[in-house]
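Alright, structures below, take your time with them.
Both complexes shown next keep chain A, but they swap its partner, so chain B is in the first and chain C is in the second.
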Partner chain A sequence: MQYFDIINLAYKTVISHKLRSILTALGMVIGIASVIVLTSIGRGVHAFVLTEFTQFGTNLIAVFPGKTTTLGLSGATISTVRPLSIADAISLGELENIIAALPLVQGNARIETGKKQRRTTVLGVGAAVPEIWKIKVARGRFLPKNEQANPRAFAVLGDKLAAQLFAKTSPLGQRIRIGNDRYRVLGVMEKKGQMMGFDMDDTVYIPTAKALEMFNRESVMEIDLLYNKNTQVKAIEKQISNLLQRRHGREDFSIITQDQMLKSMDSILNILTLAVAALGGISLLVGSVGILTIMTVAVSERISEIGLLRAVGAEKAMIFKLFLSEALVLSVIGGVIGIFLGIFIVQSIKFMVPGLPVQLAWGYICTAFIISLLIGVIAGVIPAIKAARLRPLEALRSE
Partner chain B sequence: MMVRDTLSFSWTAIKTQPLRVILIVLAMSIGITSVTILTALGESARLYIVNEFQALGTNLIIVLPGRTETTGGQPPLFGATPRDLTLADANALYRSHHIAAIAPISVGAAPVSIRGLEREVTILGSTSALRRVRHLSLSKGHFLPEMDIDRTLSICVIGQTIKDELFARQQAVGQWLRINDRRFRVIGVLASEGQSIGVDFDDMVIVPVASAQALFNTQSLFRILVETKSKEGMYKAVDDIRELIKLRHEGEDDVTLITQDSVVNTFDEILVALTLTVASIASISLAVAGILVMNVMWVSVTQRTAEIGLLKALGATQRQILWLFLTEAAMVSIAGALSGLLLGKVILLILQVSYPEFPLYLPMWAVFSALAVALLTALIFGVLPARQAAKMNAVTALNKR
Partner chain C sequence: MIELESIHRIFQVGEQQVHALNNINLTIKKGEYVSIMGPSGSGKSTLLNVISLLDQPSSGKYTLNNQVVTELNDDQLAQIRRKNIGFIFQFFHLIARYSAAENIEIPMILAGIPVKERKLRVEEALVDVGLQSRAYHRPDQLSGGQIQRVAIARAIIMRPQILLADEPTGNLDRRSGEEIIELIESLNQKKMTLVMITHDEILGCRAQRRIRLVDGKITQL
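For the complex of A and B:
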């Protein structure tokens, strides 16, 4: 018999038991489809989080006060005896290959205009915000350069804050009161939306020195540095570390590069996707037990057929191949339909819930298909061996 | 037919096909095992976190400086504010009748040194009330004494890690250490607490709050922890605090209040949702197992057509035949559920032995719902084949042979 004949025969047997085959394949379909849907969601979340992180660009380094800062917060961010100052930021900005430096203080205060007021986030920053954080100015301009040490009282509003305080009138050039000081509005930022649970639009940007004064602090909370893309992170890190050690006399700061953050993020998210895939894989496992069961049933039902085939000259290997390909046909049909169903569901999710990030994970889809093939082989092998081992005479007599 | 007869009949039917039945049981138990393990993990994580939050204190209210009106955003957890929360603010809160204890907190980082050994450490400024509010225990010496809130005193209580690092194998209590440029005498060592939600009391030095403020040259407090007298008084205390602070801050409502309740509830809800999601994803596999039950039942109905015909000829009603097959399906599923539960329990035990610090707990409702779901699956997926069997015409069925 040719391979074509074997597959043809297997296909016909599968078709002849319609209901049984449909149900068996259905198990596989559900398994494969759930793996595909779940990994697509995992991959979507992965991509979403990474873009959230990389929207600032990848050539960023953050310097924090205090030595023990991990990804969380250390006490040093709140207050420290060894402050990180604006002067530190300025001299870091003059380093070779550092494009811009941004000393950052974050706080909370009341913003007032003539009649309206709103309590919200105040960011003490430098002129480099549009460049480092990749936010554009919608109207007016951002804080002026070269006056970090002794700045004038200018403020730039986030999109939502501007809308809340000024409604339809133009805020440019207007006076506002932040805390107890008066500022002049210089510009309005474009809409940026939520970022890591932090509403970038409901903020006001003022010069760092002004913010330190208002909050009565010595130390900035963080210095963000943008470096030249074409240089080595390690070298830059070393440069920064050397400079600050010279200025402070000891290593009382921590440096976190965007690279490190991205790498740890990436590995966490990959594990997450894998875990979700495994969750869906449970169904696949159950589905494969289903194929195994049905093939066992099929062999015991068709003993006389096997006897006949052997009697007319089919060899053991032939019977083995016949049953194996039957299992394969079942699993491949199930696999292919499952893949289509999965992709269909993913596309409908994309269409119906646009907020949920989904992305087809082709790597996992291919793996799922290969696994469905493997399942066919593994689930088919034991019953096929059993069928091949039957002795023709007894098999024929069994009915 | 009696119930007993039905059971024994189904049992005989199962016995004749051991391999097939074992496979169905296997499929069922994979599903049940994964559902139980995942529910147990989720439920244990929930209990763990809720316990952690409850261990923070009882009837706790946290007062943060600053307030945002951004809807849905997070509270201003660590930002600075133009008007600080001060020690005088903290003291004023005692005017509320519902408040039992107040622990003002000031936090910062500073180098701690002794004889050339130096370490950058989180310094926590507070009062004697902190011990009560946060349920801290000491391994040696005393905690901060009761004294005026605004008095500086050069004494400190150190965490276990600090003790091990700076006073390895020697008495720490009574010794002097240097925090930045000031000297403090160690009066107590905290018992090891381990990490509790991001706050590592082991790696911390606690000093009187006024001393910490002097050290960091600031007037402001990071937080005020308030313990209320009763759970019922909590919401009244929240109103009181808001009023008192408003009075002191020229009529401005510029603090954020977080009650322990609301934090615990939020986490509780999130984790319950998470557990349910994961468990329901795992229970897709139960549906697959159900389809398998249906499939095999169908096969066995076709194979036993003659038998059904005979039973009908002997006077069995449709209802009896239906129940005969349903019982078979149910028996197989329950066997699957039980073995799944057993396997799940074993795996949980192994996990528990390998990770003793994370208490695992399999809730009773999960056990019962696993059994119920398995039974339900069998009945739902078994009913179609069983009905087919029941509806067979006695004569044609008998003719089959």
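For the complex of A and C:
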């Protein structure tokens, strides 16, 4: 018997019970489609989060005060930690292979200009922001270099803030009041959008020293470092650590490289995708039980037919192949329709809800298809064995 | 071509042993027309099942075309049935979802005959049984007589030497029964060995050779 004939017979049988086959395949359709939709969302979120985190560039290292240990209280409760200072940042910036250093303080303050006022995020930063965070200055210029220790009262506005405060007039050179101090606007940044829910455009940048004063702080919250991309992260990490230990006398800081962060983020997000795929897998399992049920019923319904086939010369293996093929045809039809349905749903989501990050995960789609084949085989094997084992004479007599 | 030597067939029914065939010795030559008659429970179906290789005797020796078939395994028997034996059943045994032509084609599909030849032979067979115009009808669109004609076409499609008929008219009205018998007999005239089981005395007497079974024994050859 030729394979084409086996498949053809199986196909004819499957379509001869239209409603029953459709309902059985529907289980597979839903299972495969849900795997595709769920993994697409997982993959989309993955890509979304990673781009959010890499939009500042990738050759970044952040230094935070305090050492994360598994024992004891955090540095914030008992202050044995020597905080990070602007001087630390300057000194780090002079290291070999460090291109720029940025001491960062963040807070919230009231901004006033003429009659308008608004509360917004104030970022105390250095001159290196455009370089390190990859944000361009749209108009004017950014804070001047070499004024870290004793800076003048300059401010640079985010795109949205500039539009809110000055509308159509140019903010360049205008005076604004931040908190209790007066600042002169040096420039306006380009539009950057949101980053993990934080609006980068609704901000004002002022020198770090001014921000420390304004928020009444001794130390910066974080020092961002941009390093030469042709060097080893490990070596630079070591350099930084050595320098700060020399300055502080102990290791009371944490160094987080963008690499590390992306890697751990990546593995978390991969697990997320896997978890939603497993959820979809449950519905696939249910679909396969449907095929198992229908094939079991099919065998007991067609005992006399099996007897006839055996009488006119079908060997056991042929009967086995016939019934296995029927299960396979059912699951492949269900699988293929499911894949198309899944892709269709994903594309519709993209079209109708553009904000929701979805991305077709082809790896998972291929896996889903292979799984649908496997399910066909697994769900078909037991009934097919049962069919093949029937004794021809007894099978013929049943009816 | 069919040689049965001291064939016994014993069934275990609960505690009891039923001796369905008791020392059967029978030789059927090529091209013969044999009828097997007897009351129900006499073992005629069991005899036919043994001859048709659907059942194995408990003891004895069966030689088919000079080949001892009593020791063969399941799959080997299936292959011999496919090549040598055509079945005609009382209850037709057509597959309801397939058309007449597809039903006739099945043995050839199992034998792996190429599609082209299959189509040709199905057409010929439909002409032989006078159903050219019914090729694409399904069994539920055919009359009893027509269904049995399809079954006969299926039985002869592999050009077997032996045709086994188990009460072929048992489920048909008189008129179509007669037509079917004539069709089967015409096949016998084309040198096909014909073995037929029947209750019907008149029908049985049409055969050149009549075998009568009572309680698993041949009483008349």
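Quick note on the criterion: the second predicted complex is superposed on the first by the 386 of 399 C-alpha atoms of A that agree within 3 Å, B and C clash if a C-alpha of one lies under 4 Å from a C-alpha of the other, contacts with A are read in each partner's own complex, and residues count from 1 in each chain.
Basically, contacts are C-beta pairs under 8 Å (C-beta built on N, C-alpha and C of every residue); 3 or more make two chains touch, one makes a residue touch a chain.
Bear in mind that the values here come from a model prediction, so they are computed numbers and not experimental data.
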Partner chain(s) touched by A:Ser16 [first = chain B, second = chain C, both, neither]: second
First, second, both or neither for A:Lys263, with chain B first and chain C second: neither
Partner, of chain C and chain B, that touches more residues belonging to chain A: B
Touching partner for A:Phe215 - first (chain B), second (chain C), both, neither: first
Chain B versus chain C as contact partner of A:Leu393, first or second or both or neither: second
Touching partner for A:Thr24 - first (chain B), second (chain C), both, neither: first
Which of chain B and chain C A:Gln2 touches, first, second, both or neither: second
First (chain B), second (chain C), both or neither touched by A:Met318: second
First, second, both or neither for A:Leu308, with chain B first and chain C second: second
Of chain B, residues touching chain A in the complex: 19-20, 23-24, 26-27, 30-31, 34, 38, 65-70, 72-74, 76, 78-84, 106-111, 120-124, 180, 198, 215-220, 222, 252, 254, 278, 281-282, 284-285, 287-289, 291-292, 294-296, 298-299, 303
Complex contact set, residues of chain A against chain C: 1-2, 5, 9, 12-13, 16, 304-305, 307-318, 392-393, 396, 399
Complex contacts: residues of chain C adjacent to chain A: 49, 52, 54-55, 74-75, 78-79, 81-83, 87, 89, 91, 93, 95, 97-98, 102, 106-107, 109-112, 154, 158
Chain B-touching residues of chain A, taken from the complex the two chains share: 19-20, 23-24, 26-27, 30-31, 34, 38, 65-68, 72-82, 105-110, 118-122, 178-180, 197-199, 202, 211, 214-218, 252, 276, 279-280, 282-283, 285-287, 289-290, 292-294, 296-297, 301
